[in-house]
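There are two complexes below, and they share subunit A, which is joined by subunit B in the first and by subunit C in the second.
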Partner chain A sequence: MTRWPAIFPPRAAIPFALVVVALALLPVLVGVTPYERNLFTLTFLMISGALAWNWMGGYLGQVSFGHAALFGLGGFVAARLMLHANPTPAPIAWFLGGVAAGIFSLGAHPMLRLRGPYFSIATIGVGEASRLLFTYWEEFTGGASGLSLPIDIGMKALLYWWALGLMALVVVASFLIRRSTLGLQLLAIKADVDAAADVGVNATFYQDLVMVLSGAVVGLTGGLYASFFAFIEPSDMFGFDRSIAFVLMSVIGGVGTILGPVLGAIVFVLLRQFLLASYPQLYLGLYGLLLILIILFEPLGLTGLGLRVARAVRRRRAGARRVVASP
Partner chain B sequence: MTTADPLLATRAISKSFGGLKAVDGVDLELREGEILGVIGPNGAGKTTLFSLIAGSIPPTSGEVLMRGFRVSRRPAHKLVRAGVVRTHQIVRPFPNLTVAENVAVGAIHGMWRATGTPRERAAEVLEFVGLADRALDLPGTLTLAGRKRLELARALATVPLVLMLDEVIAGLNPAEAMRLAALIRRIRDERGVAVIMIEHVMPAVMSLSDRVAVLDHGKKIAEGTPAEVVGNPLVVEAYLGKGHGEARP
Partner chain C sequence: MARFVDLAVSAVLLAGLYATMAYGLGLIYGVLRVVNLAHGGVIMAGAYLGWVLHGWVGLDPYASIPIVVAATFLLGVAMYRVLVRHLPRGAAGGPASLLLLFGVWLVLRNAAYLLFTGNDQVIRTSYSTHAIPLLGSWVSVNRLAVLAIAVVTPALLQLLLRRTYLGRAIRAVAQNADSCTLVGIDVQRIYTITFGIGTALAGLAGLLSATLFSFNPGFGASELLKSFVVVVLGGLGSVLGTGLAALILAVVEVFAILVMPSYLTAAVGFVMLVLVLVLRPGGLFGQRVLG
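Let's look at the complex of A and B:
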């Protein structure tokens, strides 16, 4: 009988649960400065977004350079709902922002007939078109001057836990998708879409499904992000930089894996935070260098590097044992 | 369903690519539990005929019937649900999935006609084709014969009624070819699957097939038992050219 991996292997589930609980208790037991709390919150949000992007880019192999459109749409829909004369409670506004982004993602249906670089180029077009559309749609987005949300100090502190909860859900969802028959079919479509159809996989349906799931979660992230900054503008929310950020985080960490986008997002947020303050010109260059090194030497990014180190250590240990064992 | 309706039938099915008629008005019938060989010279339209039946490409005209119901012009994944599955001449495993996962992808869609989980189904099929010990390996580590078995297993996991094999024996050494031929016979005998096979390896196709259809330039030029077909002068002409057997000037 073939051994099959559990959907959520205990080896990953137990450390993950411990980390989430520790992070949830951190502000209560240890205490964090507002600066640290904001950094954590931002990291949780970026991890959620990167993992959701990875469902498309990693599992399905459709690399999107246009996810900022979904992030921005979710953010502005949530912001508008919260600003309305009868303000919607923030969690409902975020949720509806995610729903709006999910519905908008259905528009990718014709593009998903394209594969590889052709799909990526199409997403650049849609992403940039969205940015322009929403910049000029001043009634909705406030145009170039953006939207200010009511400042709510209590909300900003609470967002730490909301963002942590979202991240935990997205990590669990990533495991569920990857290890279920859905993930198996996505990987089959990634490898050979025609061969997958020949054994019964409805490629069109599953591509649309993953696009909608990915878009909805990225939209949800955008909603929380809008509450977090309390001020959003189209050039930032819909910017090409933001689309690139989703790609960068996954590729730096290890595309197609679950640990990868998590590591990638942490590195991305920290590097950005420290470099942007002191060397604003250097930080994009550093990402570029990192990307070149990863593509040349380690396609699985930081995750691949970690695996390589683990293998080397194990080999060295095994070698040492053999030396000891042999007379 | 009436007994008069064959399991699978094509009615005057045709496919044109521009001015070229790749398949031209072919009528084929496949009965339950039968192995039908399809032979013909290179470029006769055999693989195109398979693609038409499997729904990979739509026909220009004509139709495909399954037990009397039209199944043509449906996408490939729906034909798998109806019970028609094909393999490819050049094997196409999913290189990023293990052998067992490759088969499980097929098994997901066999659940319409089988019990158990896709994983149990995959394990059973791997055992049947003799790849159980390679379940956790990547397809790239298999020999050609192993990859052909994998291609067969992935198709079988969909629990087909009709299995279409596109040159699964070609390219194997004689011992491997014998074992694979035996496996094809077991698929029919033990699993009750009807088989249509394109094959160039004549000893295999002649010994396995109950009936053989011959295609040439997109048309069916002969059909019958292996012995009848071999003796048919039209078939000899298609393979060897006109004038064979006559005194040369």
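Let's look at the complex of A and C:
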């Protein structure tokens, strides 16, 4: 059980607010090409999803390989609502997609008493079963041919700010959860569920709560993603690769931290963009290699690497000061 | 009625394959307390190795069993010595080992994709389409051979675990690794060999399934999950339990085709996995010590 470093101390709030404001003003003041804007939007969405996964995988220690089920459900519920004869306004559709995914997450209740590998394996089962069932359910998901949403150029530009807003909210929520009693209780459950129950932590309730929150946010992300791509198909939205993506982003960046999934998602989107363009055949293997190296050498991922560098620099500085002071 | 017999026969034949897939996963979990998520990747590797030996060297898939078993044994030994051994103590059963072995699986998949492309492959021999009559239905010779190997393999495994020094050491390590160090058993060596045997069984299962089904680099994902169903359902270390569990899974899967569209029968295994984990995490026949 490693103690998490306080990656996100209160003094980080001001720089964070400045970054969000700067990103919000970026398209207006500096101007971005549609390509860059899309890349930013996708990164914001992936950051939101990775952080929400991290509430389960990092804070609670329940590594889920099945979050694609929630992402897909949110996406398809939102898409169906927007395609309805009386189209629902996009934000309401996304919200309802998130609600649907949150409700669906309640179904994980009996699985949450499984610990460690048993929970992870069960989530693979749920994820794959959902993919098959939703691909089969053509009236809802359009089957293998998927759903096309009407393309709305204005909406696609607006999504930059929607996704940025979602990301900012999820970062703040991650911070609040981490800092509150809820965060401490989750930490206790992660360390030892029986001991946590002994000191009065309602493990069942908090696990359900985090699962629903995580599911709702991932579903919300799925809804925005559906609007962003304007075409979704079950084999992609519910696919195993998508579930893996949530795991990889958090682990690469630093599982259990807040900065970690943010960094991980940025690296993931950039690497994917670069690799799919030039080396599509190396794409999965490279992530596998990264995963192996991180687990063996730096369990806190990029964040841990950064901390290690910072510590080394500080030590060298302290050492230099001592040398100066000693004579 | 004839259809019922047909389905029953094919369920029994399928059960043999499922049991073979599950032994390796169960052995590694029983001794090392590590869920080998790379199991599916090794199954895929075994299938491709058999395919290469058959297509490039012209070796019959059944004659290549020793080579495939030896090669995947060495692969497992390497995986343990280079990677799994270095996991932090106590975290061996936790998310770290899961993620590490998942990374291995991704690398294996990518390697197969680079070497053999993503196309579906199949091992086709001169007797692939031969069938003999059995209980009024026609049964493929290949499927019978797979069943025979699936019966012989656990018998050999049981002999190894019961009658040899190595087997007794493996069982002792599964019970209490610390005490084994006290009486002079090299625990790391036993772990290495166990991991090797576990992956060799996965390789064998891969080779056997390659004679029956087509495969590609993504092959092994649902095989891993089915192995897990069998291991959890059968309880750890019980060879008979594993066989029965494989039979239950195969029967449910095969007969599901009577009540649902064939596309959805693949989901039956996944649903069963979740149900079994939630309802009977100790296995149908109770948890037992290995051997």
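Just so we're on the same page, the second predicted complex is superposed on the first by the 317 of 327 C-alpha atoms of A that agree within 3 Å, B and C clash if a C-alpha of one lies under 4 Å from a C-alpha of the other, contacts with A are read in each partner's own complex, and residues count from 1 in each chain.
The definition used in the following text is that a residue touches a chain if its C-beta (ideal position, glycine included) is under 8 Å from a C-beta of that chain, and two chains touch if they have at least 3 such contacts.
Note that the structure is a prediction, hence the values are computed from the model and not measured.
> For subunit A, which side has the bigger count of touched residues, subunit B or subunit C?
The partner with more contacted residues on subunit A is C.
> Is A:Glu233 in contact with subunit B, with subunit C, with both, or with neither (first, second, both, neither)?
A:Glu233: touches no partner chain.
> Considering only the touch criterion stated at the top, classify A:Leu133 as touching first (subunit B), second (subunit C), both, or neither.
Only subunit C; A:Leu133 stays clear of subunit B.
> Does the superposition put A:Tyr287 against subunit B (first), subunit C (second), both, or neither?
So A:Tyr287 only meets subunit C here.
> Using the touch definition from the top, say if A:Asp198 reaches subunit B (first), subunit C (second), both or neither.
first
> Taking the touch rule as given, give the residues of subunit A at its contact with subunit B in the complex, in rising order.
1-4, 181, 184-185, 187-188, 190-192, 194-203
> In the complex of these two chains, what residues of subunit C are touching subunit A?
Going by the criterion above, the answer is residues 35, 83, 86-88, 93-100, 102-107, 109-111, 113-114, 221-222, 225, 228, 261, 263-264, 266-267, 270-271, 273-274, 277-278, 281.
> Within the complex, which stretch of subunit B touches subunit A?
Residues 54, 56, 75-77, 80-81, 85-86, 88, 92, 94-97, 100-101, 104-106, 108-110, 118-119, 122-123, 126, 132, 135-136, 154-155, 157-158.
> Show me the residue ranges of subunit A that touch subunit C in the complex, using the header's touch definition.
Touching subunit C from subunit A are residues 57, 61, 63, 110-111, 114, 116-118, 120-122, 124-126, 128-129, 132-133, 136, 240, 244, 247, 251, 281-292, 295-296, 299.
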